[in-house]
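Below is one structure, written out as structure tokens; comments come after it.
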């Protein structure tokens, strides 16, 4: 196993940041840690990169224990902490050179690893990192984390706050990196990115809700979801919330994802109910569950 | 080794690209030295005084001439009545009034004593004191000359010599002190924010999850500032010699080496502060308050240590500045060599090693 | 729906030196509308919003908010709108009740009114048990809902929300949007910026800013038809790629 976490718990004074977390990441896997702010993602990352001690439990990275063999781990992993932590007043090239030198290598030595990403930044190589766009900064941070050909890559919310185009490009890069024999553990609050991982762990309030492949997780959704639409979103939500048989009512863009508490639910019944509430243009259709639906169902 | 060089390179980039730190590093010291040197002075020059001469004879005239000829005084006004004394002080035009009594020369010759009143504006007691001393000195000198001709005067004439600083030039007191303060403050402030800045920006996390050893980080951060502080020290010494005409009696090489030692001591102290501060603001506060005040008060810069109560004297021993001032005054003013200051030098070396060792120990290798 | 325009913007521009952050944008917002102001970080959304709420002076152009001119009547604008900033803008070291009382006071509410509003607010949000808890100790989602309610405490005509749902869990996000729907239903106009493209779907109309310019302005439905995609994220991708 590339990464192995067993019953890890961590508390800050009274706050339980992580509660009895266990999971494993296989070599060369692209593993996603999916959850909102405060779920415990960053705390977990810091424990795995040996920056924090767990209160309970054990963890190993590449076979090394995070407490006793921390030095070995620090030499061999790549780490991208959240929020653009590069040297803003150094240029792109200077940042890369610095990190390469610190790890006892050079840009040329592992150039093939970062080539695809670096080509996009090459026109800006003499620009200060602080003056790059959000998407560019993240790409630079990724290069700096990769420059010494780490075996395991830890990316803590690398796409938060970045525009959708750059986000997509970033994940394309991650997919390509997988083929170069690097294990990647990435955290994100964006549910749509979860679908791009090999396996994911859904985490909220320090607890893991479920671990599996994205497809399997979605299949586990216990009920049939219906897309419901009407002429007035607000009234629709209110009516559905008042409907006595509802199980979950969540707006999803132009529709509402509705699940019923009964096994033998007949959509027509719902339609009649809504019409009686003076709603019109009603549409009710079956739809597939998404990771977000599953997340909310598990978190309820 | 490569790692170390790469790290030092980065530190140099940071320093030169941050205008604020450049200003603190170079601008402040120059500004301070100029301020201290020109503005603060214990000497007096061209002080305006007024004369009330009730006698108007040859003796008073000669004394008045002597006073007028000295560069310390400038005779602004001659007043004629006692009643004029108070208003002239109130107006603030003069700082002293000399009041010669009637029949001055006759009393001097026949009664062996004539009175002259020296009235000074003591709203500034220091200046008043100095004025009064200087006038006295001039009077004593006149007396000596006059008495040379009188055979039967047995007098004990105290001869004071101000060794090393005969003119009591305040520059001699201030330059070593200010140099010490500047080197200490600038070096400590700069390094104290250096590590905390990495913590605040979040780059510390990346540095930790890397093969870099703590000692490399610490020494790497001290290194660039050594060079820059040396340049600072040179600028200060050059300014002192050429603008303030301060002599350097002793060996310039020894002065240079001791300065480098003190710079390293101050830098090490700054790094220590850095390892225990979480934010740059805290680090700056500690450097300013925790260092500046004790250095100014307890280093012997302004107030003599020997006149302080015993507990403070003991405390002053742990202040590196105290030892450096002794060293620097020794070299610049007394011209002594290493054999007289080896003890103080050794103390500084010991302090430096202690600060660096403590920094390495306190350097957090984890985030908690 | 009453069609009166509560926000009117004509060729509004903001330059910092020779960098144009907002480039001659023109649009209108109707009363009771939920208007989404989308764009990537750095596209100029926050700068534009700051001009509309009266805390930044435009370089050129015209704009009217709640009937007041942004150049000459900025202070009147501030009195008549609600604002929720990106970082939730509540005092972490004051309790829930103290925060409500404080902001009520700032908006000039009488003591009686503040008391009424406090009780209503706390009850609606289910915060009875944490009335005297420091806001800093509350979970993110609660803070955010409280912040939104506080921005409405003086019943403003328009409320400006700057990236209100950053980092919050999916359930709380939706609860938040239900609160927005309710406020809009009651006649408050909502001007919201976000970089979550799926939230764009909740809006009546959206505008998408790219590099300081408005490159698209319509209902989500029409935009999706126009770009032949089925979600707003893809609309943005197509737009950004040119």
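To keep things simple, chains are lettered A, B and C as they appear, and every chain counts its residues starting from 1.
Here is the rule we go by: a residue touches a chain if its C-beta (ideal position, glycine included) is under 8 Å from a C-beta of that chain, and two chains touch if they have at least 3 such contacts.
Just so you know, these numbers come straight off a predicted model, no measurement behind them.
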item	value
Contacts common to chain A and chain C (chain labels)	none
Chain whose Cα centroid lies at the greatest distance from that of chain A	B
Rounded Å distance between chain A and chain C, as computed from the means of their C-alpha atoms	27
Chain centre separation (chain A, chain B; CA means) in Å	60
Residue ranges of chain C touching chain A (in the complex, touch as defined)	40-43, 139-140, 166-172, 174, 177-178, 181-182, 184-185, 195, 197-198, 201-202, 220-221, 231-233, 236-237, 240-241
Complex contact set, residues of chain A against chain B	46, 49-53, 70-71, 73-75, 77, 79, 81, 83, 85-90, 94, 97-99, 101-104, 144
Chain A contact footprint on chain B (complex, rising order)	2-3, 5-7, 9-10, 13-14, 17-18, 201-203, 205-212, 365-368
Complex contact set, residues of chain A against chain C	35-39, 133-135, 160-166, 168, 189, 191-192, 204, 233-235, 237, 250-254, 292, 295-296, 299-300
